[in-house]
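Got a structure for you, questions after.
By letter and in written order, the chains are A, B, C and D; residue numbering begins at 1 in each of them.
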Amino acid sequence: MTKIINAPEAYVDESLAGLCLAHPSLRIVGDEGRVLVRSHVKSAGKVGIASGGGFGHLPLFCGYVGEGLLDACAVGNVFEGPTVGTSLDSIQQADTGAGVLCLIGNYGGDRMNFEMAGAMAADDGIRSELVLGTDDVASAPEDQMEKRRGVAGLLFAYKCAGAAAEEGRDLAEVTRIARKAVDRTRTIGFALAPCLMPGRDAPAFEVVPGTVEFGMGIHGEPGLWRKPFSSADAIASEMVDKLMAETVSETSSRVALMINSLGASPYEELFILHRSVRTLLSERGIDVARVMVGPFVTSMEMAGASVSLCFLDEELDTMLAAPATCPFWTVS
Amino acid sequence: MTKIINAPEAYVDESLAGLCLAHPSLRIVGDEGRVLVRSHVKSAGKVGIASGGGFGHLPLFCGYVGEGLLDACAVGNVFEGPTVGTSLDSIQQADTGAGVLCLIGNYGGDRMNFEMAGAMAADDGIRSELVLGTDDVASAPEDQMEKRRGVAGLLFAYKCAGAAAEEGRDLAEVTRIARKAVDRTRTIGFALAPCLMPGRDAPAFEVVPGTVEFGMGIHGEPGLWRKPFSSADAIASEMVDKLMAETVSETSSRVALMINSLGASPYEELFILHRSVRTLLSERGIDVARVMVGPFVTSMEMAGASVSLCFLDEELDTMLAAPATCPFWTVS
Amino acid sequence: MQITAQDISDAIARIQAGIEPLERRLNEADSHLGDGDTGTMLARMIGVMADQQAEPSGAVGTYLLQLAKVAARSTGSSFGTLIIAALMASGRATKDCDGIAPGDVSALVGVARTEMMARSGTGEGAKTVIDSLASLEAGTAGAVSRADLTQRALVATDAALEAFRALPCRVGRARIHEARSIGNDDPGMLAVALLLRAAVGARSEPCGKAG
Amino acid sequence: MQITAQDISDAIARIQAGIEPLERRLNEADSHLGDGDTGTMLARMIGVMADQQAEPSGAVGTYLLQLAKVAARSTGSSFGTLIIAALMASGRATKDCDGIAPGDVSALVGVARTEMMARSGTGEGAKTVIDSLASLEAGTAGAVSRADLTQRALVATDAALEAFRALPCRVGRARIHEARSIGNDDPGMLAVALLLRAAVGARSEPCGKAG
């Protein structure tokens, strides 16, 4: 797990600099240089969408700044939420007068910081709402939804909220739609190998080689069970069972699907997993309206994958279909 | 290096099936189900572009089938070229009467197979030309260019040839442009960790942890030297020096740049490397006209990266800027 | 007798002067079950606080709010954010005070604790910094002098560590290893004890656990 | 006395009957420096050849071209492609022959060798299948009977292995480890020797290297 880096303490800032050099549609702003915004001025009166979180999950979070998606993103250090100050900057940057929806993962620090930033923004006369992604079904039982973490499924909320904002809907509406997307999205992942924090000698958590850590979080939070890996079909079946056992699965038989690499698992394997998942979904009569397969929400070089389902209604379907462009996701 | 697979012998076919399910713009055809073509019928009279090669390098080769890029692609087994029969199928599929350019990497087996396929196609009245990518500067000295392997830089040839074909140019012209793109493109890569062939217990080649294998090929062909990894800046400097020492670097100070992950090295690191490379290029007065950073030509979960430069003239610049769409690369 | 902004500033300078061993010790405590950064985060925050140019004259509250503001740009960790929240709440509560009487410190700690609980949604008994503040609040009530306050505070923070050491942790990352958290000090609680010692220039180790 | 299409078909059936040890042995030989698949590739190719429905009546060349056609869809390996090329060239050269006289086999091997060299761009002396064919071509010239042909062929392929074992390999993957290739048989050359033995039903191991 040798990393292509200079110094651990420069990891985040050099990576952000390289990202913006590659994608001039992104610009770095903010007192600490930790807020990414769109380079092109957005229409005044549009509800702003801000997000933020720890670094090490590219393309999440800041890679999704772009038309029809985020307006601004606060960037923390590796696996550490953005500061209150940076979070505040991101809200201010996203605002054009119509208020800001903050759409973040449900991690203690991130939530607290965005709440404090929201309170500070309110002192400056900026209205904001906070919606927390809670799609990771492994992170808490369904009756403790408020404890669940947000992972890859956050992208569906970005997309739906972004489309609603781009359409000119007001803050209440954009918030409602984001919340609906969160409510109807579920993710389950598994890890096959850990990742290393820059500057450390050994991974902070262990995944025994040959073993699946089912439900492991994107920071290495322990999973639901571990056992030897058997096959793509078998793990797909465990995942689909887990996702379809959620109450939300009764609301719709039409889904958006994401097969996501946690980092090191290559496209070849994602597509094998995708094939398995598709077979299982079609056996259950589930219609896949749209699909994304790739590295969308990662943990640096962690190996493994996640499967996300967003159970669609007409409104979410429309929002997901609306045009959007950012460096890592284009819908046209 | 646990792989998300079912059976090693199903690796390629299941992965291709999952790819086409995810991207309906691609369709599987051919006697062995090993040729990928565009789903939409292309205009008759357009010169066809065919490619092919071993599997395990996704998105290369077959991921680049799409408008303004490839028409058909022959797929082999892992790290093993497509059969003569499959290669022939890809040529037949790509042909709409205006002839076919075969654009492949310079690997013994692949070249022989496409040559034989070309001869068989000629028996059926299909004209074809063969252009071999030779961008890997580590694979042979500059005066033995004909021995050099084709790696990530092949994409620039795909793009330029694809654009020329889409414009309606004839086979001779498309071939000339592809050859020019090959002539003006150089790549250097380095590996930090090996990959595992499906079904094997151990990697077929070694990369000592903490060590850079400078110039290693995408199948693990030994590199130019190995030493402990020091920093992104240092490796970038070795790479840029190596690329700029090529004679072609005198032809142009305007380049297209690709920073490519060999598989497991995540975006965070690619962007750090990109930043280093950009600094070095700008110190040398090189103008970067376009840039791609991501996993474009991989070796499954191999860790490491490559840097490719295409030294532009006006014609190549125009060809690279032309619109193109495939599942992994869009220019608009 | 009152504690002024200048006193707080001096305390921060004393903490900063001995930050290195404190940083190491807290990182070590956090590395048992957490991500090993409590010390680093705290050192970063103390550093910007010690650096800040604003004059610690005027109202205590104004100074505390200034500290909160610079701290808010220094760290994204949970513990840091809770300190910032506490500084803001206690700053607002002392906006018009030139000084705080030793007997009023308990109430101010209560303000900080209440705010931390509101922000984090964490109750008492979860083995966090909040439990240290609760103990501090109770133990310093009725302090009659600065010396008395210091003595009571040292006793209270030690008592909190002692009381919770054998209990499991119920929040954050360590929660997932509840059982393994038994027998170890919570890094946030340990931080309170060490900060207090450094602030008042006490030499002793907190409650006999040599770390 | 002439070798007919049916004879070739029978030989393929004999090879197929004993393919498993041959496959293992060749994979092992290729795994020293190559990717360890020479046997697998060859077995796949022999399999489709043995399976194919076409009647081995009629001209030898027609049959050889049919074999080439099915082989062309069975493998993407370099060795496989060279065999396919050789089958096509020798098939075209014998399109009108009902049989091949033992004395004409040498010339036909020459046709195959020439085509392999043209396709691969590899010359003699690089320690490849081409060198086995060159030896076979020279050794079988002037064969007067089928028994004589068999005898000469066995000697010639063994001699080639023997002559090249101590030399370095100069093409393909093994080239990059030139030095390490010394002392090992080239898998393509070994394949020729083993295929010949299996085809004629010989029991002995090629030239004393037990593998």
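Everything that follows uses one rule, which is that contacts are C-beta pairs under 8 Å (C-beta built on N, C-alpha and C of every residue); 3 or more make two chains touch, one makes a residue touch a chain.
Source: prediction; values computed, not measured.
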Ask   = By mean C-alpha coordinates, which chain is most distant from chain C?
value = D
Message = How many angstrom lie between the centres of chain B and chain C, each centre taken as the mean Cα position?
response = 57
Note = So, in whole Å, the Cα centroid of chain B is separated from that of chain D by 33
Shared-contact residues (touching 2 or more other chains) in chain D = none
Query = So what shape is it, when you link every pair of chains that touch: line, ring, star, complete or other?
reply = line
Key: Interchain contacts, given as pairs of chains that touch   = A-B, A-C, B-D
Ask   = Which residues, counting only chain D, touch chain B once they are in their complex?
value = 35-37, 72-78, 80-82, 84-85, 88, 119-120, 171-173, 176-177
Message = Show me the residue ranges of chain B that touch chain A in the complex, using the header's touch definition.
response = 1-7, 11, 14-19, 21-22, 55-56, 58-59, 63, 192-193, 209-212, 229, 231-233, 235, 259, 263-276, 278, 291-293, 295, 298, 300-301, 303, 305, 330
Key: chain C partner contacts - residues on chain A that touch it in the complex   = 31-32, 54, 76-77, 79-86, 88, 108-110, 112-113, 115-116, 197, 204, 221-222
